[in-house]
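What follows is one structure encoded as structure tokens, with my remarks underneath.
By letter and in written order, the chains are A, B, C and D; residue numbering begins at 1 in each of them.
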């Protein structure tokens, strides 16, 4: 494999293979607490951290992350404050922002994505994930990301056909976000069969693949990695801890450990030469 | 004028000119009380007494008589009991029944008016008034009335045109019931201009004319008689007394006296020969 | 002049004061409606098209056809402006009143359908309008009261009696007896004194005329039977009138091309069977309004016809879950056609009507008026999967037209309430979602 | 293939999982709708005629014409089955889903009009159907909830957010993202990702096509202007589409016979001005839904278009007394036509809409949907007796078509409540008669 990429995200995944990518919603329940949670995840072994910048119409999210977004919006989270938080974070794990396209368009005048990307780069973010931006509409944002050295990560869905797969894989940067199953984000009790199929289809593409949507336990992580993934993405399971645990900081850190350990269990024994 | 009629009603009006025709609803509030009220009216000087046989859809009545009819129906008044009452009455004033055509049709089988008329004759009634039976539809009932020697009294309305007037005046027996004004029965505070017009139009017909609809006071009676009527018909004003007076028997008797006296005041001084 | 009677039925049993108005109306009806003087009928038809939405479709009901294993077509009067066939008549009469130089419109209403149709027509034609409505009906049919008010009509509650349709008619007749010189009384069905039954039928007959043309166009022939619900009978007579000549006798006289129906067009007038066809003489209550099936001859509201009455001649309080059918009389022409055997009377009870309401809503995406649901309920009784259980025999044939006289939006509350009380097949679970 | 964008507006901003479904839909749209494969359009038109009641009339409004001293014609979509133009689209999409082999229908609804239309269409075409509706809307639009249930649809309350249309759309999108393989999402307006805006416009364009033919037939020429209310914009685009080429420029290129309108056909999209056109950024509240007049470019529910949003990009809660206009976005084609200057955006506030509701009810005997009342309110603002008082200038010309997109039966309660709070001209006294 090509280790000589200039993508910090891709490099991080390769170096920490199998990677744990942790998502939480920024500002849930406050940006101050988000800082502590990010640091906890970093300590727990998350290799990449996705921060959700809340948008009022989160059409790709299940109930857990919807609720987190609502809490964040009610707390008054704004893009400006979000970027300030990010700029002040010093984690080992590179950070990505996950948000909806309208938030990106409105950061400057004239519905132009460039100002958002420029600010994201300035704040030290390494990549962007936009669940409502398919490859076809991504031209302007990709251009801005390239100009500022950010990875724009695309999602591959179970319904993505082979034709579109090529164009997505060509465009995605950092890694390919493999959607484990149809539907919205949210912790599930098992690993979908679609995951295995998707990973098999993606095998030929050189870029790392990380699987998300429904991953909640170490054993899932193990199974997914053993099916060929380079990383697992965990979101709702962490957001649940924030909402429900008495000590979210400790809970997040230990959950990250469990997941990372699970992922590592999934690595196939190297074949005897 | 032709005094040689074989109609008891016509004869009564001529002999007692100007005549007072009193209406009350039979069975309001009970047939037993109706007996007392009829006797009171008779004592008070009513020359003819109309008894309403209640029908559930009294479309020609105003609120006062509607309410009386409801009281009567609630008290369970039936045509059978009504005829029994009438058969037992011994008044100086001849009695008429006022009812709606369906009541007449249903007294026997096959919607035939004959059984009703036959029973009415047997009970000693002298005439019938049917507010929803215009001359055009009156053939079968008239035939039965003629056969049994009862007068079928028709109503002349302010809207009756000259053409129809002839046919009504030709058919009416006993007297012509001159409707004083458009609308339904009910006591009014004045005498309608229509009354004068109607009486003028009827002048040429030899049969007696009695004016009803809205007559409530002696002064009305006087005015009507002075305009050329042979009699006045009073209903709602009497029904009001039954509903409201503490001693309806006395009230009816004295009201009859007042009305009769009023009517007599209306008789024009005989011209000097 | 038009005939005042249909066989032994019909006539003009009204106070003398109204007789001249009836003569005037008869004259206007002859001139404007029958002889199209001053282009009356042209204007009427144009307004019914542009304002009313005529023609209404005749729709093949795919899933009913499947269920009953025959071709079922629905005549869609529910699509008429106001939501029922009532406008055909109301607009005709208000327009006629205008041609007659009348200055004011009055009408009675029970459930409010005729009242709203009249109020709409009066607003459209700029005529002051007053609607009499029983107190009970005012209280239970608020939305229709508001619709009338919004169309600028006065709504006068009638406090007499039980405060329903019968009392409203009485009150309107009383108003008319007072104001007859400048006022026209828009009677809401093919009832009342001549010329109302004839005139209302003529205004409504567009239903059957259209349906007859449409079924020939769509099915290539006349139907074997036509079903319509009957309250006063304006929907029935409107649906049947064009088909009355298509009887076995009259048609077998014609050539026997494949174009004619099997045995002529059978006509079924479906009345409200209510909760029972028995009568409670003591209480003066008929828990149905199946006048044609169970009534006796008598005079009500100006005409000789079939009635629900006590042996003494008192009119019964009728009952039906559908307010628009809840009337103790019926049009005299319908009484006559039944007496002659041309029209077959039938009745369907509250439960079967509710079932049919739900069935049509669910199978065809059409929420019918509860009135109309009676006609559909009869179809189920005769031809449904459980037809054997009912003692109803009728040979509807292979090609059936059912008139959907109105839409059921107005009935939602009643249907919810009544459905909850019973065990109605085909009803959805209408639990009220928690707040 | 059809264009995915209208100038800078439109596109397909949806999760990757849905992209193949959009491609499949686009393909089906091309084949069935545009190329009439398998006679799709024939079946669609026939069902819209027989089941839906098309064509709807174009009616001259006599008294409005008098009031505004010009010819006013009303396009009567209120007479369509279900009571609004919504069925044009719902039936088209459900039928298309059937042709595509889909087995299930989902849709969002706000006030319930699109939900009821979809439920009716699904019942008619025998397709299982689930409707998402915000909790607040479920609670305040009970009758529509019941209608949907009676048509056999599941109604799923959406508890998220403020429980209105926006949240219902989000929930439906989520369902679709899960079930996309066998399910079709019937979007209720000309919004959403391509091909929805184009396809919904095509299904709705029958409104303007008919109106264009009808006005030429009735008035002998094209209108000077067409007015339609705009929520998402399906009624607007449906009304305008056939007239878009009749612009000043395009028409002046043609011969100048008397047949053409003065200066081409002007198109006015009337949005809900709510209680004010100001925005409360702090609260995230726009007390209007005048997106075309006051919105800014952004991406919502799959398309780039004009939006009501905060400077950060959060979507505002919009407001209108009329639930069907209460949406923070608008169809991308409409945004484009406004940007191009072909369509003039306008807005009318709650009070003026209520007044117009009462005015049409009273003067014409047509109770309009509160949505439609906005278009009528604009007429009053521009051409009414007090037009001078308002700062509204528009040259509507002498021949005006206004689309009455729906009937107002559904709005009675709201209108009563809202009228009581204000001093509304033309409102009747709607005192509740004592019991």
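By definition in this document, a residue touches a chain if its C-beta (ideal position, glycine included) is under 8 Å from a C-beta of that chain, and two chains touch if they have at least 3 such contacts.
For each chain, UniProt lists the protein as follows: A, B = Tryptophan synthase alpha chain; C, D = Tryptophan synthase beta chain.
Note that the structure is a prediction, hence the values are computed from the model and not measured.
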Distance from subunit D to subunit B - Cα centre to Cα centre, in angstrom: 66
For subunit A paired with subunit D, centre-to-centre distance based on mean C-alpha positions, whole Å: 38
Euclidean distance of C-alpha centroids - subunit A vs subunit B, Å: 98
Interchain centroid distance [CA atoms averaged], subunit C/subunit D, Å: 35
Interface hub residues of subunit C, defined as touching at least two other chains: none
Topology of the chain contact graph, where touching chains are joined (line, ring, star, complete, other): line
In contact (per the touch rule at the top): chain pairs: A-D, B-C, C-D
Partner subunit C, residues of subunit D touching it in the complex: 49-51, 53, 56-60, 62-63, 76, 78-81, 83, 119-126, 138-139, 142-143, 145-147, 149-152, 155, 157, 358, 361-367, 409, 412, 415-416, 428-430, 432-433, 435
Residue ranges of subunit C touching subunit B (in the complex, touch as defined): 11-21, 160-161, 166, 169-170, 173-174, 177-181, 284, 296-302, 304, 307, 309-315
Interfacial residue positions of subunit A with respect to subunit D in the complex: 55-63, 66, 70, 73, 78-79, 100-107, 110-111, 131-137, 154-161, 164, 168, 179, 182-184
